[in-house]
């Protein structure tokens, strides 16, 4: 029977899928996921609050405008970054912390299969939360103005979702790379996203292209919130096609670096 | 001359505890943290604003007194110190995480909590010992450089009227630095006590700060009620500048005059600190022996 | 040879963990012995490809194990560390491990249940591994290494945390695997336990190999250190007078109260032959004969002096 099993051994893609499924299952079962779900529901909660307040007060702000504001403040500068940083680093770092990487390395699992499985599990979880935290307030706030607006502004929702997914793809890849190369990937990830990106993205020079946020904001259909002083600098966005291409290229580059670093690095047992 | 037995000899002196029982925890924590090279580099990097402000202060002090158009930038007044401390609060976020995210959950993981509490230490001693580690590092980048700047100003250009007029800045520096340090430290310790995963405590710390900020901003955008800005923990912390520096806090970029009374923000922070303390006490109190 | 080390050195900064090791490991059970810091873990890390040598070559089944995931089909590894997925049950964990080896889902589940039964874990298979006792976790670690029926098995301190019953079971299990044709490398610092599993050993100390081979052969080669033999007899003084006549006997200590004598001989094999002759010719009543040197502990002690 063992021989038969050996002969039917499937390709590395299948192995990657097994790791992907197990990683996602493990993540979903944790209490942290519930907490992250609450965080990603904050956009919906704020949208519902808007509805409640709108009934009692004559609001000077339309549902669409408030949706744009939520996307520009909470979503692109908060939820997207924090979820991606957390899940992007957790998927691999957890194996190191639990010391279970040894089980994966003593199995016929290629480094690339392992990393791609981990990457896509981080991306999948982050993407699900982001789609929820984008689509849910959209439905509530468009319906608040007029149900027909839900269909009318679908293109905006589509672009928002595209930005979120591209952002998740890029940041998760960056954090996967950081979790292989660095000892404290979350700390470095937060320093990079909250300090470097939030500051440098506002500088009107070539340097702002060294941020993922610049490319995301170039596609983003809403104005992103920023510090009142830095916003005076008013940097120019890049074209949408260039931004999408750059984000995809950067994602691939981060994953490639992760792969090469994983092969070179020694994860020894202590 | 007596010949001593080469065996274990019992200590015949009196066992004395340290004057402050929890001090060994703090001392060891500080020593261990300073051993990390990257942390040392970061710590040195946090002193860069001190150098910038010191140069600014020196240039300002050398500018002739009769120059009426002395740039506001070069004036050394209470706003100068408030501004310096505001910049350092940015570093406090990272410093707090680096020195504090793993303090209690590291002890959970290595089962060291039982070792601590089997010594003549109370839970409060343990908490104070751990808290002091983070507070130490936060004060090292706030109080110490700020007071040094004050002393530098006095030394470079001693002016009795300036000194008397601005003497109140010293307790203001002490007060705001201590307040911000303790708040951040208690908060990170609370998160470290809640979870066994330091990555999760790090990200939760940021999530809560960033989110309360974002939600406060959104709600204020809706209703334009100052009290809504108090939802943000960061806003409440910045409002403390209003308590300690008064009108001089207005020039700080993140200080919002739209907020409700700063004492309201202080009250919220006190309640937050008390809650954090009780959470830590409860978590430390229940030592998990076997799961 | 299954495993081959050719002038292998490995250092971490200024610390040399393995120092110019050249060795061939044959099929069968080999004990990798040494105190903490001897280099055993580094040895296993190199042989499983987790580390690469700073110098020299490592070959397993003729191939470099570094980044060679295909080789993992032929070996199973039991790590020393207590490593597990907290939320997974024993069965889920084993099924996952089996699937990664290429088993299809149903076959993986079936094989997992079989192996859990073999390791007395079947009644606990639906409990999370985090709730298992230390001994149970050790057994499941062993089970995951055997699920794909590998040719080679690496065991890193397999009896850590086990109770005496568990230890004996593991020793018996290793002997069974060996007789089934598996090659097993057991790393341990508990010498008498490894001695119970195998006579083929590699002794390590400070990154070097002190000796390799059969315990008695190694002991026999240590010429500088005389072999001690304790003989319990009714007439110790008389026996001593006979034994002193032989030139391999260096020293004899007599304890009249306890009725025994301790003989030091530089040629143990010759001494035992002579001892038999003395006993038979003179009709001595011998209650027991013991050699405190005929174990790994003493061999190791002599080699590190």
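Brief remarks follow.
Residue numbering begins at 1 within each chain, and the chains themselves are lettered A, B and C in the order written.
Everything below uses one rule, namely that contacts are C-beta pairs under 8 Å (C-beta built on N, C-alpha and C of every residue); 3 or more make two chains touch, one makes a residue touch a chain.
Fair warning: this is a prediction, and the values are worked out from it, not measured in the lab.
Considering the contact criterion stated above, no chain is in touch with subunit A and with subunit C alike. Distances from each chain's CA mean to the overall CA mean are smallest for chain A. The mean-CA centres of subunit A and subunit C are about 49 angstrom from one another, to the nearest whole unit.
If you average the CA atoms of subunit A and of subunit B, the two centres end up 31 Å from each other. For the pair subunit B and subunit C, the distance between mean C-alpha positions equals 54 Å. Listing the residues of subunit C that touch subunit A in their complex gives 41-42, 44-45, 48-52, 67, 69-70, 72-73, 75-77, 79-88, 96-97, 99-104, 107, 111, 144-145, 148-149, 156.
Per the touch definition, subunit A reaches subunit B in the complex via residues 32, 35, 39, 42, 46, 49-50, 53, 57, 59, 61, 66, 69-70, 73-74, 77-78, 82, 85-86, 89-90, 93, 97, 184-187, 190-191, 194-195, 225, 227-229. For subunit A in complex with subunit C, the residues that touch the partner chain are 1-2, 5-6, 8-10, 15, 18-19, 22, 26, 29-30, 98-100, 102-111, 263, 266-270. Note for the complex: subunit B touches subunit A at residues 90, 94, 97-98, 101, 195, 197, 199-200, 202-204, 206-207, 210-211, 214-215, 217-219, 221-223, 253.
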